[in-house]
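Structures given as structure tokens follow.
Next come two complexes, and both contain chain A; in the first it sits with chain B, in the second with chain C.
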Partner chain A sequence: MSGYFKELFSGTKSLAVGLGITFRYMVKPVVTLQYPHESLQMTPRFRGHIELIPNEETGEPNCVVCGMCQKACPSNCISLAGEKVDGVKGKVLTKYILNFTTCSLCGMCVESCKFNAITFSKEYNLAGPSREAYVFDLKKRLEDKKQ
Partner chain B sequence: MSDLARSQNQETFVLNLGPQHPATHGVLRVKLTMDGEYILRAEPVLGYIHRMHEKMGENRTWAQFMPNTGRLDYLGALSYNHGYALVVERAMGITVPERAEYLRVITVELNRIASHLLWFGAFVLDLGGFTPLLYAFDDREKILDLLESVTGSRLTFCYFRFGGLYNDVDDDFITGSRAFIKRLRSRMPDYHNLVTNNIIMIKRLKDVGLISAEMCRKYGATGPVLRGSGVDFDIRKNEPYSVYSEFDFDIPVYHECDSMARYMVRMDEIEQSLRIIEQALDKLPEGPVMAEKVPKIIKAPKGDYYAAVEAARGTFGIRVVSDGTNTPYRLKLRSPTYSNLSLYEEASQGMLLADALALMGSLDLVIPEIDR
Partner chain C sequence: MILHPETKKALAPFVLPGLIAGPVLIVGLYLFLTSIPGGLARVIIFCGALIIFAALNAAYLVWLERKVCAHIQCRIGPKEVGPFGLIQPLVDGIKLMSKQLLLPKGIDPFLFKVAPLLVLVPAVMSFVTIPFGEHLAARNINIGLLMIFAFASVNVLGLLLGGWGSANKYAVISAARAVSQNVAYEIPMLIIVITMIMVTGTMNLNEIVMQQSGWFGNWYIFRFTASPLMPVAFLIFFVCSLAETNRAPFDLGEAESELIAGFHTEYSGMGFGVFFMGEYANIVIGCSLATILFLGGWQSPVGIASGWWWFLLKLYTLIFCVMWVRWTYPRTTLWGLLNLSWKILIPITLFNLLLTGAMLKIWPH
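The block that comes next holds the complex of A and B.
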């Protein structure tokens, strides 16, 4: 019988101690963020979807259409095309399509690029009404950004 | 057991638990044959999230499989990265620079703590306590911020490379890790006061869900489940890989075999991981984080290779067979929770439904890793 009361006492005490902890945290500063109204700055190494890097002088993409990123991608989500233009060494990029629906953000493409042509964007607020909304035309994005 | 035997002739019913059920933490389905509140048979049904990772491995290059390893056990992804990197390095004979080895240990241990914290929150949530989850997530968020600042992602990491790491850490990570160790150490007494010593918790877990060492051996259970059954086995100590042999840490072992023992093993492991990180930060050498002589296109020489690491849930083994081409010939993943779940049918026999769910929580199941 004494064991019963002993346990009753120690049990009630343990609950009171727990309650004390929750009360202590109740008056501590809030750790959450009111997301749509406030948002976080992503760290420099954050891996968002990829984007093209423009040349500092010309503003055209750095890409020379070597296709290494396409080969490195485990999910085949990059497709690109280029053409030969007179007066320019190598190829000129005409199309760079990223199918973001299958991208797993592994970063193999950026690692494989030897021409400083692609980087990770810091975009993480992505929402779209259809599957097609995630097939990104990166060249068009770069041009839109310039304007 | 006489009650059980008698009930065979009486009316029983089948209760379908899952595949969408909060207590199974994923798409696990368990077919329960019940006699009132007691379980006669619990049959796990798998396959709802099978993604043929092994087959995928045979169809892509060695390097391209690395992101897949982060998607097996998404809560402890870095251990899986580590296992795959180890096996390929073993096959290729690549030596990893010392700084990279230390950083691997630091990040893997941080990831282990994050995994255990999430388990801690979710486990108490299974038992009906909501508040500890919020505190655990608060701490876990700090780890994810740290890991995000070096790896670039928060959950499905792809940080290790054959021969080293994707990139080096900065001073912010070092100071941040030290601050985190201090912070978590000050929070652990709160966790113990709030949860471990709580009378409801003790009543729910003590002497409930017994798993004997013999049962663990029979089903190949590893990790905290095995250590909660009194067997002192941890790959980090028994077959040291990477630089684990250079650190002074203990393997927590409890002999009670009940759910409480498995809980205590994980809580103690958090503290031991903090010790490892602290020592690794102190000893962290300067130098490169990538081996110099790593071929651009990996072609592992013909042969059969195996590596095992201690992941947050147990032994993760990976076996690759190479025929000398740029893709693996066969890639076999041995995931810990698959074995840990296998003993559930035997262990849960004759238990109350509520206790069986506590037992399931104490196994720390991650379904994408069972159904890989």
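The block that comes next holds the complex of A and C.
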């Protein structure tokens, strides 16, 4: 008989505690964001697909087409080409293709780059109708971004 | 803006005639109703108002429920359609009304169609006796309490017929559960009502409210001279009304994870809408009864400025509690539910009944 009342009181108490917890959460500020209207600032270590870093003065890519990123990439997603231009040290980038479908965001390319030419972007709004949509022309992206 | 430009263009020619015809219709209706002799006009006006009240309650309680649930889960809830999402329920209603009423193969067409109405109509009928204010009741019936409980049991019939008529195994299981649950919880609820009738000496809801005038110590929940267990009785009444309306944590009848949607699985469009309206109307009735029996109805807690606003304030506070409970507790099991009723609620209410009887003998009111 004493067990019955003990259970009754402890049960009622635990129910009240539960109600208290949900009430506390109800008056707390909301944690969700209204996504299309607002979006989160990505953290500094967030890894989006890589992007080219423009030179601060000229706005052209920092890249000298040494090809280290291409060699470092374990899944061969990077292919780049450059040409020699008079009066510019090293080569000038003409094409930088990233095949994002096979990229695992390991970061070997970023680590291998000695010229501060590539970094992780903060891009996460990615959707496309085909595989080809994920073969990015990074040079073109940089130019689009400038505008 | 909420309306699509195309929709706006299509609606444009109807705006001016609507603006003229609307007031003309209302004035015409008023003149027509006032020309009817006797108290008939009052009843018709009240019935119309009550149906609108029930419909608006169903719509906006869904909105409130979604808001409460969202904030308990640290979300915002509906906000896109209108300010704070306030037009959302109307849009949902329009969607439900524009949907086809699908009659699946193998159903019993008559029972299938009549079941939603059997849930809604008794709930709306029960509103007739609820005193919203001192003179604000459609009919001041001297057996109001009895009438409400008589209609409340028709509601169960609606659920059973809906489940049975759907020819769907989930619906039938759900209907059986709902009925067993309702039968189990009607007992403690009615024992408490008997206790209350012993204390009040009347079944007239307005008179019960009148007896609780003055400060809030006069409310029956604090009437310790009648029974020291009055707050417990209120709590049990509240729990039973949750179970009677198939609300969480007693929503075994429509356990989504097991039974899809329970007895309204097969209903589409307004069939589902009417079930929903009935359900919310029943919640309002349950909370109104708890307010009237225990919390002083339309009486002010400080003895001044009593009126319908107090009734609505208490009513919606209780309804908020119903939602709060729903989003706090997980669903009980069937045996847990029946155990609670037979092992805890019924013994306590029976004890309370005996105690109240003894107390009334010692200190007659």
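As a convention for this text, the second predicted complex is superposed on the first by the 133 of 147 C-alpha atoms of A that agree within 3 Å, B and C clash if a C-alpha of one lies under 4 Å from a C-alpha of the other, contacts with A are read in each partner's own complex, and residues count from 1 in each chain.
We adopt the following convention: a contact is a pair of C-beta atoms (placed from the backbone, for glycine too) under 8 Å apart; a residue touches a chain by one contact, two chains touch by 3 or more.
No experiment lies behind these values; they were computed from the predicted model shown.
A.B. asks: Just checking: does A:Phe100 make contact with chain B only, chain C only, both, or neither of them? Give me first, second, both or neither.
C.D. replies: So A:Phe100 meets neither chain B nor chain C here.
A.B. asks: Of the two partners chain B and chain C, which one touches more residues belonging to chain A?
C.D. replies: Between chain B and chain C, B touches the greater number of residues in chain A.
A.B. asks: Applying the touch criterion given at the start, work out whether A:Arg47 contacts chain B, chain C, both or neither, answering first, second, both or neither.
C.D. replies: The answer is first: A:Arg47 touches chain B but not chain C.
A.B. asks: One more residue to check, A:Phe136. First (chain B), second (chain C), both or neither?
C.D. replies: The answer is neither, since A:Phe136 touches no partner chain.
A.B. asks: After the superposition on A, what does A:Lys28 contact: first (chain B), second (chain C), both or neither?
C.D. replies: A:Lys28 sits against chain C, while chain B stays out of touch.
A.B. asks: Common interface residues of chain A with chain B and chain C?
C.D. replies: Residues 15, 18, 21-22, 25, 31, which sit in both footprints.
A.B. asks: For chain A, which residues count as touching chain C in their complex?
C.D. replies: It is residues 8, 15, 18-19, 21-23, 25-32, 34 of chain A that touch chain C.
A.B. asks: In the complex formed with chain A, which residues of chain B make contact?
C.D. replies: Touch list, chain B to chain A: 60, 63-68, 71, 131, 135, 138, 141, 145, 148-153, 156, 158, 166-167, 190, 193-195, 197-200.
A.B. asks: Within the complex, which stretch of chain C touches chain A?
C.D. replies: 68, 70-76, 79, 324-325, 327-329, 344
A.B. asks: Applying the document's contact rule, which stretches of chain A touch chain B when the two form their complex?
C.D. replies: Per the stated touch rule, the residues are 7, 10-12, 14-15, 17-18, 21-22, 25, 31, 43-47, 72-74, 104-108, 111, 120.
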